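Consider the two complexes below, in which chain A is the common component and chain B and chain C are the respective partners.
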Partner chain A sequence: MKEVLLEVKDLRLQFKTDKGELPALQGISFQLKKGETVALVGESGCGKSVTSLAIMGLLSRANAQMEGSIRFRDILLNQLSTGELRNIRGKDIAMIFQEPMTSLNPVHTIGRQLEEVYQLHTDLSKKERQAKAIEMLKKVGVPRAEDIMREYPHQLSGGMKQRVMIAMAMACNPDLLIADEPTTALDVTIQAQILELMNDLKENDHTSLLLITHDLGVVAEMADRVLVMYYGEIVEEADVVSLFSHPKHPYTIGLLRCIPDLDEEEKLRLDPIEGSVPLLGEVTQGCAFRFRCSQAEERCYQEKPPLMATGTGTQAVRCWLYENKEMAV
Partner chain B sequence: MRRYVIKRLLSLVGTLLGVSVLIFLMVHLIPGDPATQILGQFATPEAISQMRATLGLDQPLWQQYLRFVGNLFAGDLGTSLFTGEKVWDQIINRFPITMQLAILSVIIAAIFGILLGTIAAVKQNTIVDRLVVLTSLLGISAPGFWIALFLIWIFAYKLALFPISGYEGIHSLLLPAITLGMAEAGMIARMTRSSMLEVIKQDYMRTAEAKGAALFRIILSHGLPNAIIPVVTMLGLQFGSLMAGAVVVETVFSLQGIGSLAIEAISKRDMPTIQGMVFFMALIFALTNLIVDLIYSRIDPRIHFD
Partner chain C sequence: MLNSNRPESYWGGMGKRLRRNKTAMAGVVILIVFTLGSLLAPVIAPHPVEQMNFNSRLSAPSLTHLLGTDDFGRDIFSRLLHGGRISLLMGLITVVLSTLVGVTLGIIAGYYRRADLFIMQGMDILMSLPALLLAIAVIAVLGPGLTNAMIAVVIAVIPSYVRVVRSAVLSIREKEYIEAVRALGIRDWQILLKHVLPNILSPIIVLSTIQFGVSILAAAALSFLGLGAQPPMPEWGAMVFVGKAFLSQAWWMSIFPGLAIMLVVLGFNLLGDGLRDAFDPKTR
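After this line comes the complex of A and B, so read on.
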């Protein structure tokens, strides 16, 4: 059994707005072990990004009210002061964002932005920082690293910018890397390169990866375990093989049906899930997916299903269809 | 960069040629004969026609223009009709005060405006923010002469820290510079605030936070260089118009600057002086713009001049 690096327990989050409090996360619990890659999957608005921002402590404390606990190694992140959190951010936990185009500061050189990480978290001299930054750029496969140091973000392509972002995130050799849709904004060929790069770095540095994505192709490629999220809740949790071979939750099944399959001849059209994720605060009782679920029963409208073990390994699902099923297996 | 500056300077010559046509025609479009103006309405027709000959007003228009523009670009802006002084000398005598005043008040406006605007943006929707917004509105809307008299009353009369009026060295310019700077600081503060609010939402600010940078560093090192870009434009425009003289403030503080020279010349219909000043101001304004554009490329690496 590997050591648990990150443990999120019953994480609840409410956004304070003019229209009252909106529940963004309704009790998320999961673990991330050392060296493991866990994928958070779901449509836009299901709470994936919010979860990552909560772990990083990047949500404004004035607008977001948080309950539950986030433990990293033996530190309770949600109880740290802003100053203490700053020492962890960028050093032990680092993050890559979705938009490489806008995530780098347009008025600073690449070198300055990369060196800043060392400036914030190490005692290295200016010369050493520069050497480290160049080394890091080479490590993430940026050609002419010495020249790029002096260039500005607008002189780089999207793929190169994301490589720089990865270099910045991996600069201090973090234990945990959170990647929020790292390849969504990139061309398909570049996507594959970036994913490969992330996998290589992760293997070499024994970094754990929390990967946030809506792309099941990326999940299959990268993840050890998968958490499917819907409306601020985890609706299915499974290792990657179980999830793809026998998905349980109707939502997961729906998501998998959305992937175009080139081998299957009869399936000429995509099979999307009708409707969209309910707005925050819209569902007050029952299962949040019932509106889009073809198998919804009377009970789904009244009672919210708990996350239930299914009997197949560690797979768990939040759906009444699987109540008592574990007996049968 | 050098090629760009040369190109801009060449186009500046074109602009000045256009200005020269306008100010030359100005004399001929405005009613009133300069010769009559000089000699007074009781002068004999002979004296007037002799004066017209001396002034070259009897020659064809295009000849007059060529002579005029030739003199302009040779640095000869003509001679004042009243004082008999060279217009160029008059301007050069008055200009240092105006320039010092402009520089001083733009510095005051920049320091206070950018500082307050940034604080207001960081503390958005708090008391501090509202106070800044209110104060800057006061600064913008309070009339210059009122602020001037108020400052004179407190600092020059009651506390006797500064001369009440006139120029006795650079410290005499502090109160007028504050007067001018306050209104500008108000505008700069509002602009910095809205620009900074926009910048704070940007992804790269979140990146800086995710790196572990402190708020102070995020705002100063990552936010301000981006937020300040539109503010520099405004500072440049303000500086340009201040270089053309601040009439009200110069009058209240009895300063012999470009603004008061303009007022004197206009009230006496001293055409050569007016023409010379318009030409000079156009030159200064264009040069200021060029400098602002060059500063722009320094703070925003995306702007390139080739």
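After this line comes the complex of A and C, so read on.
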């Protein structure tokens, strides 16, 4: 058994608003082992990004009320002071954001922003920081690293910027890298390059990766295990092979149906899931997916299903369809 | 097009756009003339400032007295040159002080939600009073004089800084790169100083330029009302005031100091407008 690096237990999060408290996360639990890649999948608004921000401690404590525990190695992140959290951020846990185009400060050179990471977390001299920064840029495959150091973000392409962001995130060799839709804003060829780069870096540095995405193609490419989220809950948890070969939850099945199949002879229309994620606070009882589920029964309106083991490996699903039914595989 | 060998920096591009703007350059020329005139006043003034000559009282502009003389026979041109030092220096001090205070308050109000309400309500109170009236009220408390006039002007212009800076900070603080550096483990004050402040420099520079003119105008107005610089100090506002009594016999006593005020303020406004266009070429 590999060492557990990150353990989130029954994480609940409520946003305080004028209209009362909105439940953004309703008891999320998962583990991330050393060197493992776990993907967090789901539609917009299902709580993926909020989970990552909660782990980083980047949610305003005044507006977000948090319960449960987030353990990183043997540190309880949710009990740290802001100062202690700051020392972990960027050094032990780093994050890559969705929008490389806007994630770099337009008024500073690439070099200055990359050096800042070392300035925050190491005692290196200016010269050493510069050398480290150039080395890091080369490592993420940025050509003309020395020149790029003096350039401004607007002079780089989106793919280059994302490489720089990855360089910044990986600068201090973090144990955990959280990537929030790292390739969503990039075009397909660049996407493939960035994914490959992330995989390489991960292998070399034994970094664990929490990958947040709505792109199942990326999941298949990168992940070891997958957590499917819906309405602030994990509705299905499985290793990547099981998830793609026999998805269980109607939501997961629906998501997989939305992927176009290029080999298909007939031009079939895609089969989207009707409707959208309910607004926060809208569902007070029963299964949150029942409104969009073709197999919803009476019970789904009354009782909320727990996360149930399905008998196939570690796969678990939050759906009444699988109660007491060990699915034949 | 982008030339990757010689990238155009932010400031370089700004300077180029500014130089192409004719009205802004006219403002620059006006300001250079006035600044040089003030700096070199002791050298180029044709007559000593305080030298009275009762034989040539109230004499019209001529070759010996380019802009005429006042009721004590003092050379108006020389006094204007020296007065420029007072006005420009006052403008500079008030702008520096109000920028420091206003930007600090504005950044705090924009970044910290809790301080926001407190600071902005204070600013709303200040802004609900006409600036000049507010300045007069401050002087009523502190007493007339040049220093107090400056303090009064500073207090009167601070709210406009706070407002501009706060709204700029509000838009910057939600940017992804701020969240990205927070994820790197940076301290709040470092975010404000290194990442927020550089991004709001352009509105601050534009505002300061325009406020420079406004401050000079306000200081002159206070002096005209007898609340700022006191005669015989060759302050422009005070000179307009003294000349007012002789308007029918010696128009030049008021007109020329008035023109000087107008031109300097115009210079700052032209430059300020030009800077705004140069900093943000999209909003023309």
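FYI, the second predicted complex is superposed on the first by the 324 of 329 C-alpha atoms of A that agree within 3 Å, B and C clash if a C-alpha of one lies under 4 Å from a C-alpha of the other, contacts with A are read in each partner's own complex, and residues count from 1 in each chain.
By definition in this document, a residue touches a chain if its C-beta (ideal position, glycine included) is under 8 Å from a C-beta of that chain, and two chains touch if they have at least 3 such contacts.
Just so it is clear, the structure is predicted and the values come from calculations on it, not from any experiment.
Following the overlay on chain A, a clash is recorded for the pair chain B and chain C.
Once the two complexes are laid over each other on the shared chain, residue contacts for A:Cys319 go to neither chain B nor chain C. Judged by the touch definition given at the top, the superposed model places A:Met165 against both chain B and chain C.
In the superposition on chain A, A:Leu6 makes contact with neither chain B nor chain C. After overlaying the two complexes on the shared chain, residue contacts for A:Met56 are found with chain B and with chain C alike.
Contacts of A:Gly90 after superposition on the shared chain: both chain B and chain C are touched.
Applying the stated contact rule after C-alpha superposition, one finds that A:Ile134 touches neither chain B nor chain C.
When the two structures are aligned on the shared chain, A:His121 is found in touch with chain B and with chain C. Counting contacts as defined above, chain A residues 56, 58, 86-91, 94-95, 97, 99, 102-108, 116-117, 120-121, 152, 165, 168 meet chain B in one complex and chain C in the other.
Interface residues of chain A, counted against chain C in their complex, comprise 56, 58, 62, 85-91, 94-95, 97-99, 102-108, 113, 116-117, 120-121, 147, 151-152, 155, 165, 168. The touching residues of chain C, when paired with chain A in their complex, are 2, 4, 7, 9-10, 113, 175-177, 179-187, 194-195, 198-199, 201. The residues of chain B lying in touch with chain A in their complex are 202-204, 206-214, 221-222, 225-226, 299-302. In the complex of the two chains, the chain A residues touching chain B come out as 56, 58, 83, 86-91, 94-95, 97, 99, 102-109, 116-117, 120-121, 152, 154, 165, 168.
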